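Structures given as structure tokens follow.
One chain, subunit A, appears in both complexes that follow, with subunit B as partner in the first and subunit C in the second.
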Partner chain A sequence: MSSNIAPAQVELTIPCQPEYVAVARLAMSGIASRMHFTYEQIEDLRLAVGELCTLSVEWANKNNRQEARIVLRTEISSNKLTVDILDTAGPRHCGEGTGRDVEEENLAQLLITLLVDEAEVIPQPDGTLVRMVKYVGQR
Partner chain B sequence: MWASDRSWKLESNQANGWSEQEVAEELFRQYKKTGNSEYRERLVELHKNLVSYLAGKFANRGEPIEDLIQVGMIGLINAIDRFDPDRGIKFSTYATPTIVGEIRRYFRDKAWSLKVPRRLQELNQAASKIAEELTQKLGHPPTIREVAERLGATEEETIEAMELGSAYEAVSLDSTLEQEDDSTLSLGEFVGGVDVSLENIETHGDVKRAIERLDPREKAIIYYRFFRNMSQTEVAKRLGISQMHVSRLQQRALRKLREILTE
Partner chain C sequence: MNFKIETQTLEDNLPVIRLGGEVDVYTAPQLKQAMIALLEKGVKRFIVDLTNVEYLDSTALGVLIGGLKRIREVGGNLLLICPSARIRRVFEITGLDKVFDMHNSEDEAKKAPEKE
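Let's look at the complex of A and B:
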């Protein structure tokens, strides 16, 4: 492996269904392994992607969007990895549903912010985009 | 809907009609006021499912979940001691970073000698062994699902172990290898170095004479490959033929040499 990572983009589209979450997680570890991340950092990224995809699946369920898809888009550069999780699972009406659901969702989002260096939720017309950044060499 | 293994909830104590939230708030108020560790114990009990939930997220990284729950509990206790119920933030929100921080620190401090994830290494070895056995038994290479079933792992873990496991595999140079005659040698003794006899091959009369009986192109390939240490691709470039062609010619040349030398 060379010490300098050439910039690249990798994109994966999966159905917004629970059985495909593992595919996204595997892709994430494959991509992160190509960069100079430690094993723990790779696992963190994988966990974050798994959590986000699961959230997307939940919302697709709530919004009755069987056709929804998730795009995992990664931007590889020499010092950081940007990971976008974009779904077409419809709007997320926070505060809706039971208290427990909201609580779990908040907890999952809180967990993600602890796993990556930057995380931002950007609502989209047809779903949600979550952008995460993880820097190489930081712990 | 959340899968059951993901869910967590506060231990409920709703006999008195209070919500979990209210019970927790009251306990915190009492604990902060009196410092009585009994309240703290009840708060730990009340929130231990939060720890299990978070520890579960970090399972499968090669450490037993029980250990992760233990360190998570330390985080929980610290969070209970530091939490200020009057600040208006929910305890789970406050405690999660502390608990996760404690769990992640545990992984960090657990310095693996070679930074090799043991789980993957073991899984990789087990997977290849099972794949071999199943190939024999089924008469065809097994599917990932078949291997995963035998392994007692998920398909995702199995794929990962097979894909990445070999890259992580590191073997000590001092590890011993069984010999056919029951003697043992360390792996290090098998690692090649510069072989003096190979360096002298050029002066080896028999080989030299044998090489002279090859046709010019074979001779060139043998020369470039074995006396100049060029790769097949480099030789191909130099001779203006394909690497496949070089490979075929080299095989033929070596076969000829072997025949000549055994004459």
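Let's look at the complex of A and C:
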């Protein structure tokens, strides 16, 4: 594998349903494996994507959006991987959980914070975009 | 990747739920059902064997915490077998390795002292 990886984008769209979350995780592993991440970092990315997709699924359930989709969009650079998880699961009202167990939801948030270097939540008209960045060479 | 779940009873009448594959938002409800079935039978001590688990997320952790709370309310305990460093790491980064009774093997779990 070349050390100079040209910036590249990979995109995957899945239904916002529990049985497809594993597909997004698998794609994330494959994409991260093309970069100079350690095995542990690849696992971190896989888990972070799984947690974010699970949150999207929970919000789609709460908002009764059976037709919702999740778009996993990644931008591969030589020193970092940017991952966008965009859903059409409807609005996430501040301070209002998905109805999932509060501890579970807190664990999910904690994991996402700990597993990636940057994470930003950007509300969208029809759902939510979460942008995560993981740098190559960092912990 | 394929999820597997099986409940067995060890020779000393100790139930063990053996899991394999990926325990996530799609499969964790089956773990919840298996634990509820044991709790409804009045079981006060059981093992969840994570030896063959390849992936575990917050949904699975939430189900395990729920089971642990319920069994500790009746003075019982839930023991985990988790020899995999990859899976144990998820417990460690969330601090849950200090909450659960975690063991590296079935023999070690069976010998664990009963909690008050």
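Observations
By definition in this document, the second predicted complex is superposed on the first by the 130 of 139 C-alpha atoms of A that agree within 3 Å, B and C clash if a C-alpha of one lies under 4 Å from a C-alpha of the other, contacts with A are read in each partner's own complex, and residues count from 1 in each chain.
Quick note on the criterion: a residue touches a chain if its C-beta (ideal position, glycine included) is under 8 Å from a C-beta of that chain, and two chains touch if they have at least 3 such contacts.
Predicted model only: the values in this text are computed from it and were never measured.
Considered on the superposed subunit A, subunit B and subunit C are sterically incompatible, since they clash. Contacts of A:E104 after superposition: both subunit B and subunit C are touched.
Of the two partner chains placed by superposition, A:I122 touches none, neither subunit B nor subunit C.
Touch criterion not met for A:A8: it reaches neither subunit B nor subunit C. Of the two partner chains placed around the shared chain by superposition, subunit B is the only one that A:N61 touches, whereas subunit C remains out of contact. By the touch criterion defined above, A:L47 lies against subunit B and subunit C together after alignment on the C-alpha atoms of chain A.
After overlaying the two complexes on the shared chain, residue contacts for A:E19 are found with subunit C alone; subunit B is out of touch.
In the superposition on chain A, A:G30 makes contact with subunit B only, not with subunit C. In the superposition on chain A, contact of A:L114 is made with both subunit B and subunit C. Only one segment of subunit B in 22-30, 58-66 or 202-210 runs into subunit C in the superposed model, and that segment is 58-66. Annotation: subunit A residues 18, 22, 25-26, 40, 43, 47, 51, 54, 58, 100-101, 103-104, 107, 110-111, 114 touch subunit B in one complex and subunit C in the other. Residues 18-19, 21-22, 25-26, 40, 43, 46-47, 50-51, 54, 57-58, 100-101, 103-105, 107-108, 110-111, 114-115 of subunit A touch subunit C in their complex. Considering their complex, residues 1, 22, 24-26, 55, 57-59, 61-62, 65-66, 86, 89-90, 93-94 of subunit C touch subunit A.
Listing the residues of subunit B that touch subunit A in their complex gives 1-3, 6-9, 53-54, 57-58, 61, 92-93, 96-97, 100-101, 104, 107-108, 115, 117, 154-156, 159-160, 163-164, 167.
Of all the residues in subunit A, the ones that touch subunit B in their complex are 18, 22, 25-26, 29-30, 33, 38-40, 43, 47, 51, 54, 58, 61, 100-101, 103-104, 106-107, 110-111, 114, 139.
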